[in-house]
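Note sheet for the following structure.
In this document, chain identifiers A, B, C and D correspond to the written order of the chains, with residue numbering beginning at 1 in each.
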Amino acid sequence: MKRIGILTSGGDAPGMNAAVRAVTKTAIHHGLEVFGIRYGFAGLVAGDFIPLTTADVDHKINLGGTFLYSARFPEFAQEEVQKKGAEQLRKHGIDAVIVIGGDGSYHGALALTRLGINSIGLPGTIDNDIPYTEYTIGYDTASTTAMDAIDKIRDTASSHHRVFIVNVMGRGCGDLAMRVGLASGADGIVIPERPYDVKKIAETLKHGFAEGKDHGIVVVAEGVMTAEEFREELLKYGDFDARANVLAHMQRGGSPTVEDRVNATKMGNYAVNLLLNGKGGLAVGMEHGELNTHDILDLFEAKHQGDFTLLDVNDEMTKLD
Amino acid sequence: MKRIGILTSGGDAPGMNAAVRAVTKTAIHHGLEVFGIRYGFAGLVAGDFIPLTTADVDHKINLGGTFLYSARFPEFAQEEVQKKGAEQLRKHGIDAVIVIGGDGSYHGALALTRLGINSIGLPGTIDNDIPYTEYTIGYDTASTTAMDAIDKIRDTASSHHRVFIVNVMGRGCGDLAMRVGLASGADGIVIPERPYDVKKIAETLKHGFAEGKDHGIVVVAEGVMTAEEFREELLKYGDFDARANVLAHMQRGGSPTVEDRVNATKMGNYAVNLLLNGKGGLAVGMEHGELNTHDILDLFEAKHQGDFTLLDVNDEMTKLD
Amino acid sequence: MKRIGILTSGGDAPGMNAAVRAVTKTAIHHGLEVFGIRYGFAGLVAGDFIPLTTADVDHKINLGGTFLYSARFPEFAQEEVQKKGAEQLRKHGIDAVIVIGGDGSYHGALALTRLGINSIGLPGTIDNDIPYTEYTIGYDTASTTAMDAIDKIRDTASSHHRVFIVNVMGRGCGDLAMRVGLASGADGIVIPERPYDVKKIAETLKHGFAEGKDHGIVVVAEGVMTAEEFREELLKYGDFDARANVLAHMQRGGSPTVEDRVNATKMGNYAVNLLLNGKGGLAVGMEHGELNTHDILDLFEAKHQGDFTLLDVNDEMTKLD
Amino acid sequence: MKRIGILTSGGDAPGMNAAVRAVTKTAIHHGLEVFGIRYGFAGLVAGDFIPLTTADVDHKINLGGTFLYSARFPEFAQEEVQKKGAEQLRKHGIDAVIVIGGDGSYHGALALTRLGINSIGLPGTIDNDIPYTEYTIGYDTASTTAMDAIDKIRDTASSHHRVFIVNVMGRGCGDLAMRVGLASGADGIVIPERPYDVKKIAETLKHGFAEGKDHGIVVVAEGVMTAEEFREELLKYGDFDARANVLAHMQRGGSPTVEDRVNATKMGNYAVNLLLNGKGGLAVGMEHGELNTHDILDLFEAKHQGDFTLLDVNDEMTKLD
């Protein structure tokens, strides 16, 4: 192996650049050449490759987004398109590829591996919804952005004794909502994986105001319903001065946190070592605080398991009477 | 004059607490007693007064929101309710009042002055929409919050070559949109006070992409239309991958910036001195960087003048061909 | 058990307030009363106790420092002083105590347990230097503060092609330096637990500049030497434009991060449950991402184990020729 | 005039990149070509010029430091070196130059103008120490960074009832110390332009603690003495638990604030217009909130005037008994 490629795919996530940097610097340390593949699998098929040196990644560790760009490219599900991609790589002498992205990207990595180009997948998404990993690159920064926004919202909620219903991202996964909710002292946290009880949340809010609390916060995962929809449900159970808020796309950006930079760096470094050891078709993750690998195939049959004890802890801090 | 009251009214704004602190500390320096009036004019009529010492405001300068709380109270437009308020003040020996809030609050301050309680209005609103002042308490923090959010949004916009339409607050006033737009390097800024040209903004965006820009940002004041409405108009002029974003209530909160803390402190200090000099019925503002006062009556007949040269500067940095 | 006390001891750390909040809310959920013991063990002996309600902790989760205050009190090493403390607790009907602090505080918690007052220790220090735990409350916020400062320093380093030597805290423990160094893309990381090689760091810096890097960063744990001392050593190996920086006490403060709020909340909640189960003399920690407990006695004979693979990863991203 | 150059000189300051971006975009709007001159006057003499397009400045508005780099170059005081510089410019067809930097850079701008290359100086320094301007590019960001650091320091000060003496930058100018001090609620502010009274500050601190304040902050401009020196003086007047802190170089970096981006943009835009009107040898500044120009020659004979009313306001919020 003399030359490796790296691409980012799917929605961007803070820390992707830190991972690209770590891949680049680790690979160069081991005497390899590195090529950045721009615009994900679309760029792979088009041959949009740029050489990466250590100087190129000098100022990337603290940068949100992905400087290699990303792009939707459903065509890569077709075998002939995959073959074109593998051809492009061979033409450029690229022996192996590291793919950073959501679970969609793993299909591409597996396809390349089957076509003889060892590929490793790194979990890059703010949604934390990938199987066999408790952490995805970008998850901590998105949590931080959402929490910081709710800290600000709390100021205005308190000034007016209001309740704010806040939508956070996460698609079908409630991890972001749970973590942000717990960190924000939310009175209620609503996620897709568990039933929710609007009446109980209304009671909690009322009880809080009765005890002297001056505001209420409910964090609702976007995968359940819109904040406005929840607000309407809530108003059936009480006469709250309630407002709906959607944090939206700012959660995808921003300079990555310590956690995201450190983990992205460790994962990027690890992925190069896997390639050096001749591995392919693997997904890197983190379980019990340690890096792991799983066959990508296994991921397709599994489902991400969130840490639902966060919900239990939040419940156990609530007393209704 | 031995005892003064202070209240916050209308929507909360970062820096209100810094102003309350400055009023409290300046008044105590001059041997006065200070009472916080909670919940704005509602609390004034209800007699919800709390004594304020220097220790009470010890940790308030960096706090968003208003720890005196605010509340809607349209009833204060009625003369009999105003009289009840003045009575409450007299009953508690309060000789003068400082009111921090939007232009609604000035009516209350004027009414109290006419009833013999000298009152001074301080401009407290993130909207920067008060006549005879180029600055209102909270405006700089709200600008900062909006700009920080757009900095994050730019990361994801760039990663995907997208255009983001971002709604910022400001009600009928375009100042926030202009300042945030200029600070965010927006391709277009849309405000209520000036006609806008969607076609020209679309051309600017296209030209940017053609020249190698990897994203587009359009800042739209909420007083013009929703981001989604603008997005739909924009799509008539080009096939953009465009998303709509509403920054919403987070713009109202957060720890105040240097500018807001310094100005709120200067204004609070100044207002106490006005009262010490027997003044009432005045609104404090800032023109050409200096504190000023105007009769509150004058404000009702005037309109805030924004600095529209910001738009001109933005236009003069755009080249279409 | 009807009433529990909680105190913070040693140096303050962001997240202590979140832990106090979680203890208070969990205890009240279970029908217990909670008393805050102010000024650590000094206040315990003096009987400086304040009742805590849910409203009292309403705005504490996002607050740095410790609102219960902390204080040095070496006298608590004496058995008679310990007995006085236990007496005070009994007099106030307090059956059990939760202590949040550095390893010094564990001695106090053990002493109380031996005197019949079940006590649980929570790891609260930015230094991450407590045995049997990979995480201490405040560690993530301190890492974040240090990293943010270095991000700013990098701007000026790059503008002038300078090298900055930055001292971070951690006392005898290198965890903060390692994590911050990796997250900051440092060219060198110097910690107390491992030998360091100034010459090699000088070579790395020279190599970086030769390759086109426009700055250099070396993170030095305060437990090794001052930044200025390192700077002088460095200059023996090259003609760098090098500056020394000490980040100092700002690393102790600030609003806690998501990670610190979530972990502090989980730990506070867990500690109450331990007390409810009749446990005492235990230290709560986190290993492999899960909460654990150890006999406090065991901690006195053990040493914290850092994750030195972070150093290895950093080394493996460096290439000298 | 067909081609202009732009350089940054002296210490870097946040907002310099925003100014370079504004110059570039405004000049291109007017049909000019723009060259970035790297490494200040050193690069000017060496002919280190790079063409700048709108795409080149696409991601610069939010970037701290100066991407054109800066460098010390005292040799430019010599006439023959100045002539070499002018020659380089002519060789490259550059008709005019915009210089962003501290007062040192104005000498260079004037020299070039006298040699027939119209040059305009923009005030770029965090120190706010330039005559005939109340604002310099970077001043607001540095104020913000210092205030944020002190907000964190206050947390730990409060937890331990400590006094912190904090050194902020500013060289011979006290503006940064005054503004940061007022925004941080400092008990004392010490600047070079005014006598200071350690005894009075000690009394203020004691009085504060006596009244229930839980911490003390004194902001000392680096131009007066070190924080440690002040601490030693302070201890003569009281038995404080006092610590010294030097904020140092982080004050020079960081993403610019709204104020710095907006003002840098306005000034960059304005400078191009001055050149278009055939002006040279002028320094741009801001007085009473409006852009102004002065002959550079006048600056050499004048001294920056700070707004010392900030000190008076701080004094008027202090009551000793």
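Everything that follows uses one rule, which is that a contact is a pair of C-beta atoms (placed from the backbone, for glycine too) under 8 Å apart; a residue touches a chain by one contact, two chains touch by 3 or more.
Remember, it's a predicted structure, so these values are computed and weren't measured experimentally.
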item	value
Neighbouring chains common to chain A and chain C, by label	none
Equivalent of B-D within the choices A-B, A-C or C-D, defined by over half of its residue contact pairs recurring	A-C
Remotest chain, chain A as reference, centres from CA atoms	D
For chain B paired with chain C, centre-to-centre distance based on mean C-alpha positions, whole Å	39
Distance between chain centroids, defined by C-alpha means - chain C, chain D (Å)	35
Interface hub residues of chain B, defined as touching at least two other chains	151, 154, 158, 214
Chain-level touch network, classified as line, ring, star, complete or other	ring
Chain-to-chain touches, reported pairwise for every pair that qualifies	A-B, A-C, B-D, C-D
Chain D-touching residues of chain B, taken from the complex the two chains share	21-22, 25-26, 28-29, 53-55, 58-59, 61-62, 134, 140, 143-144, 147, 151, 154, 158, 179-180, 182-185, 208, 211-214, 255, 257-259, 261-262, 265-266, 269, 288-290, 309-310, 313, 316-319
Contact footprint of chain C on chain D as seen in their complex	8, 11-12, 14, 63-66, 69-71, 145, 149, 151-156, 158-161, 164, 214, 243, 245-254
